[in-house]
Amino acid sequence: MIEVKNLHRHFGGFHAVDGATLEIETGSITGLVGPNGAGKTTLFNVVAGVLPPTSGQVFMAGEDITGLPPHQLFHKGLLRTFQIAHEFASMTCRENLMMVPGDQTGEMLWNTWFGRKRIADEERALRAKADEVLEFLTIEHLADHKAGQVSGGQKKLLELGRTMMVDARIVFLDEVGAGVNRTLLNTIGDAIIRLNTERGYTFCMIEHDMDFIGRLCDPVIVMAEGKVLSKGTIDEIKADERVIEAYLGTGLKNKDAVL
Amino acid sequence: ANHSNEIKMGVILGFTGPIESLTPAMAAGAEMAMAEVTESGKLLGGATITPVRADSTCVDSAAATAAAERLITSDGISAMVGPDCSGVTGAVLANVSVPNGMVMISPSATSPALSAAEDNGLFFRTAPSDARQGEVLANILVEKGITSAAVTYTNNDYGKGFADAFEAAYEAAGGSVTLSAPHEDGKADYSAEVGALASAGGDALVVLGYVDQGGAGVIQGALDTGAFDMFAMGDGMIGDSLVERFGDDIAGMIGTAPGSDNEGSALFAEMATAAGIDGTSVYAGESYDAAALMLLAMAVAGSKEPGDYQSHIFAVANAPGEQILPGELDKALEIIAAGGDVDYQGATGVELVEPGEAAGSYAEFTVEDGALKVVGYR
Amino acid sequence: MSGNPYQDDRGNTDASITNPHGQGSLTASGTQERPMPGHEGPFLIGENMTGGYGKSGPDILHGCTIAVERGEIAVIVGPNGAGKSTAMKAVFGMLDLREGRVLLDGQDISALTPQARVRHGMGFVPQTSNIFTSMTVEENLEMGAFIRNDDFRTTMEQVYDLFPILREKRHQPAGELSGGQRQQVAVGRALMTQPKVLMLDEPTAGVSPIVMDELFDRIIEVARTGISILMVEQNARQALEIADKGYVLVQGANGYSGTGKDLLANPDVRRSFLGG
Amino acid sequence: MDLLNGFVALANFVLIPAIAYGSQLALGALGVTLIYGILRFSNFAHGDTMAVGTMFAVLTTWGLQAMGVSLGPLPTALLAIPIGILGATALVLLTDRYVYKFYRAQKAKPVILVIVSMGVMFIYNGLTRIIIGPDDYRFADGERFVISARTFRDMTGLEEGLALRTTQVITVVTAVIVVAALFWFLNKTRTGKSMRAFSDNEDLALLSGINPERVVLVTWLIVASLATVAGVLYGLDKSFKAFTYFQLLLPIFAAAIVGGLGNPLGAIAGGFVIAFSEVGITYAWKKVLVYLMPPALEPEGLVQILSTEYKFAVSFVILVIVLLFRPTGLFRGKSI
Amino acid sequence: MFAAVAGLIIGTGFLQSWNSALLILNMGLISAVMALGVNLQWGLAGLFNVGVMGFVALGGLAVVLISMPPVGAAWQAGGGNILLGLVLGAATIVAAVLVWSRVSGKLRGWATAAVLLIGMVIYRMVLDPAVEAVEAVDPALAGYLGGLGLPVLLAWPVGGVLAAGAAYVIGKTALGLRSDYLAIATLGIAEIIIAILKNEDWMARGVKNVIGLPRPVPYEVDLQNDPAFVERAAGFGLDATTASTIYVKIEYGLLFAAVLIVLLVLSQLALNSPWGRMMRAIRDNETAARAMGKDVTGRHLQVFVLGSAICGVAGAMMTTLDGQLTPGSYQPLRYTFLIWVMVIVGGSGNNLGAVLGGFLIWFLWVQVEPMGQLLMTGITAGMADGSWLKDHLMDSVQHMRLLTMGLILLLVLRLNPRGLLPER
């Protein structure tokens, strides 16, 4: 689905992404892990069109998408969520979902004056769809709440829900798990798996929670210092000496002393 | 005073805005004339003249129109002194005075274009159109053998019209203008203008601006950098603060301002000083005259209705008749009451020509021993 | 989001008339006056706290009590939006309490401003925006020592020993660090205060496993020097493992509490908050 | 010789005026940029704050002059600056106490403060005019020139003169000193660093034990001082007129933005960019070229890239171009 | 709220005069239109337009260009060459842009500069003499090309189009870059537009002003001379002068109101549709909106152009009402900041709020003058007559206007920080 070839991104003299080459297979849930500062978020940003690359290329299903702006990538089916939830705070949760589909008749100014009927029909369909998604995410009771006033985890669900309003092909998730209650995280995990199996979404997710990665992802890519360190199943990764040294570590040293 | 015998006169000037420093003296001048008439008690059986001030802002036509509208329709004025700047004057004339049939005399709007404004005989000015002053100034320069000059003017209808007139006359008389550059008033810095003017060169720098404004700034810059040492200036520059500020640095300069060979201006200056205002301030005299003219015309018409007295303004201002100087309004009213004729001269030697503006006789100034001197009249 | 009309700028994104950067959202009430004496008890206790954001916002905490003993580690866990961060802020005096009080070492400090509490030996690492992004790493640490008038260089050395990556990046603006590195700066900054009690709001969020282990190690070390630690954690298992005391907050009220081990062993808690 | 003449002409008409004007703008822009950086809003009342401070200084100067105090060759007004600062500070702090503080306590969004500052602008505007009046006042005394054009010509025998005014020298020297001091203060002192910390992250500053009200107080103090110094220097060089100070707001803001709002270094650079673009682009280069070019190539026209009436427009075009290549301003903004 | 403002205006009618009241109403209507345009940009999209003045002035220019009769002599003197010069100038810029985009490598900068330089020289060679010739034609009264002599109402939409054109150019370069650009670019373009209007005399007489613009309504004097009208006025118990002035103002008012209502309805329809939802989303969070496939820059451009066009229309209406174009009178304080104050006091994001703000602030702008006097009389009431302080204060009474305006602004913001009619 996505192919990244020899990608570089420099900040001044600092090479945040330093020749990363990787591939995300269609239909997979690929995990992306690595120590802090490895360049994961930067890589995401480049692929999603938020940052221009210093050099290198990104392909999506064989097509060169390097440097395309985010809204064009969206129309190609590339969606992303944010490490910190980016809800539309002053709009209701339902509106947050309804605004997603592109090419709505009512988004043309002209039609808002002279195409009222068509808009009304479309809106009805959109609303039904949004309610369906809310139900899927088990937050239908929040439909009319302002999105800015729901809890952090619910915002993350909403963020995921937006990717369901259109037919996404690949979704990038940046640390959906950070700061999310583990029980809720399991719900999110279930949602991801369902989207993957029922709708055929491809996922690529950054995560530091190895249990969560282990439950969802295959394969897992490890980045370090802007490059790809290794790739494999979760078990292979966990057994990889280099990964343990750079990323996983060997557990608490003082644990026994305290307990 | 008896309430029914009150005449309200609007004084609409830019009390805030770019010429806010000129207007207090102008308003005071106009009000001096009103006070004089009230005191004499000889107008329309002892009428009290009450000035009603309003802010023209000098630049905001909408605000000026609203203020004028209020003066007429709510305060119920019978005559209007002002507005001051040509731009708002045109707006007030077209939108308020003409529709409401109100007579207005502007003491200072000098744009040549106003001569052609549709006014139904309601609009007069005690200041001459700048078209004439340009010729006068140009001729003086050429006579003095100054044949090339750089010009800077304040960028409004006054400055631009003046500069146009000057340039045309000067070139016709054989002079050459090296550069004619506007300056905006009230700006922070005039280095750019001074630089350009200096580079263009010329025997003299002609400054057609305001003395409290950019005009002085440009002169200051030119003196400081040693770019010019000969200056010529228009009416807007002739004021006490000019010599206060530059003194003998501009000795020998050439200046023109409306004025005729009469005692009026000196007299007015004296009166003003006694009343605690600056009588030499630009257009203070014109303002006095504007108010006086309307009051005398009312006396002749025996009515304070604009429609009644508008036709008498010309007659009051011009010969034949006894010449009236500032401070002699009492006398003038007496003559009128006796059925006589007056030829109002006032502070500026008013002489109205068609279509209702001062004829424009000009005084030639220079600076000598740190003081302004009149060297002749034209 | 408290509906305060003054906090409404309807979508102004223009950076040339306002500086959107770093404006605070906390209301610091209280005074700098001397605290009133209270009774004996745990080293730090927020007792029966009830309150919410703003003057008129809804209550988020409902009679919640949180305490930590000297040199102990107390951990707060609970679902998102339960009010864990709010409880921390309440203890730190960053929102008005409508009921309840906060005692530090037996003294009632409910009326003190946050600055005053810092001077009384409390240190706090908030959950978000917890570093000065435009200042260098070193300046961040210096700011941590703002209230100290003694020589803080040894403390700084200790912090650098604790987080070696920070020494490497000491002259870099902290805003250019990665998520995990920033977290280390934040904890380092709080340590610079040399607090008697250190409050951490999700210090390990977004931190890689190896750094997380390291951090927990340090926290234990710090606690051993006699400093009390009060922290909120979503990595609840690891946190509860090292905790002397654990609190489960549910909708602003105490749900369960006990030793870390108790909570880990409690099937209810495991199911509803620890993900089974 | 011609080369020298050409250079002197350039210095006299472009370099010296632009440097002096640039310093004046820079001092004004510094104040704007500080408020923006620390208190987070664009202070539209800044021009009028300058006017108020200068007004107090002018009144004091008159008093001093009446008492016969003088500084010899230097303008007496320099002695009055502290009083001016005191006056401006008092007014600004009063304003803060009764206006801005309320909004701070409400955690109002900066946009609201921007509009509030417009209200304050109107009020200062009115106050200045009510107290001192709308007229043009000159209060400079002492020696006007360090070297005047005539003296220079006599001295060097060159055709072109070079004038250097006392006020220009004072302005530039003061600007340098003030900027250096400000830098040292912000980057090296504890209070300065706490101000930067506050600017960066208010909540966290609170948590570090920084007293926000103190930061605000110090900021206003510095800003009022800067405004007064800038205003007095400007007034000495030109003259004092309430309306002009209001008009200064535009170039000052332009300078602050082009330099990178919130960045003191940027404010300085921005001031000079604006000044040089205004003076340089509209300068008629004929005079200089006449000296530099062989007679055969002497230009006929004025060699003026654009006429002076567009000088303001020019500086804005330059702004846009600068920003195109340097999106955050010459120096990265908002880092005060 | 609206009732309150209506009450204020009607109060003016009773206390001062109906003419004043109507005049305030008319300018209020125009201000409301401007505020509507700014609200579209600021309240809806968070775009910071500090160049309102420029767009308003362009609208004013349109009135001259459309409605004044052409000056034949001037056209003969150099009209054709001026047009040619302008075309050449435009061609130069297009050529330069083409060169810039086609040529690559080191040559690019130089080639573009060369094209620009050569083009500019030719442009000046054609234009300058023509301009001089045109401006020499009776400079005191004409000196410009005049307009097309078409009905003045046509100038209103044309004013919108002119403003929209300028906005498009600015938007294209400035939007989508850092937000500061727009501020600088609009501030700059406003100054540039005014500078052009002031200095290009051949176009609209520059600072010499064009006065006596045609009107879409009858002249008072004509009405006063029309016996039928006088008779009808008498029927209402009014004298002819009053009746005619009021009649004319009412007609203007109806025209302006029609424009305002149409624009208001269109804005409201747009706001309460998916388009409005999209705009709110963009405002809430641009990054996320972009990631959700919304062309943020494109939408911003659209809103910016529309808002500016509305300001242009308002500018044309205002110049029509004034009956003259006076470029020197365009000041940022009055035409940019005051409009903002209207939007913010009224309630940004809410179209009705902006309209309300337009009325209210205009009312205050005009009426604070007497209020300031009142205030000052109050302050000095306790002082001894003839005391130095009292005299000094009474002399400064005019300056109370600004002070009072400031006080009112602060009060409104203190009590209604989100505006009088907040967005929902």
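Letters A, B, C, D and E mark the chains as written, and numbering starts fresh at 1 in each.
One rule holds for everything that comes next: a contact is a pair of C-beta atoms (placed from the backbone, for glycine too) under 8 Å apart; a residue touches a chain by one contact, two chains touch by 3 or more.
On a predicted model such as this, the values are computed, not experimentally measured, just so you know.
With centres defined by CA atoms alone, the chain at the far end from chain E is C. Set against the Cα centre of chain D, the chain with the most distant centre is A.
Here the CA centre of chain A is 29 Å from the CA centre of chain C. Put simply, the C-alpha centre of chain C and that of chain E have 53 angstrom between them. Inter-chain centre distance (chain D to chain E, centres taken as mean C-alpha positions): 31 Å.
Look at where the CA atoms of chain A average out and do the same for chain B: the two points lie 74 Å apart.
Those residues of chain B in touch with two or more other chains are numbered 16, 20, 155, 182.
Annotation for chain D: residues 103, 106, 108, 111-112, 129, 133-134, 257, 261, 307, 309, 312, 333 touch two or more other chains.
Touching of two or more other chains is recorded for residues 178, 180, 183-184, 198-199, 280, 284, 399, 401-402, 417 of chain E.
On the chain E side of its complex with chain D, the touching residues are 173-174, 177-178, 180-181, 183-185, 187-189, 191-192, 195, 198-199, 332-333, 337, 340-341, 344, 393, 396, 399-407, 409-410, 413-414, 417.
Taken in their complex, chain D has these residues touching chain E: 44, 99, 102-103, 106, 108, 111-112, 115-116, 118-127, 129-130, 133-134, 246, 250, 253-254, 257-258, 261, 307, 309-310, 312-313, 316-317, 319-320, 323-324, 327-329, 333. Taken in their complex, chain D has these residues touching chain B: 9, 12-14, 17-18, 21, 24-25, 129, 133-136, 138, 145, 148-150, 152-153, 161, 163, 165, 234, 238-239, 241, 243-244, 247-248, 251, 275, 278-279, 282-288, 302, 304, 307-309, 311-312. Across the complex, chain E is touched by residues 48, 50, 69-71, 74-75, 79-80, 82, 86-91, 95-96, 98-100, 102, 104-109, 111-113, 116, 119, 122-123, 162, 166 of chain A. Chain contact summary for the complex, chain A toward chain C: residues 11, 14, 33-38, 41, 83-84, 89, 146, 148-154, 175, 178-186, 208-210, 246-255, 257-259.
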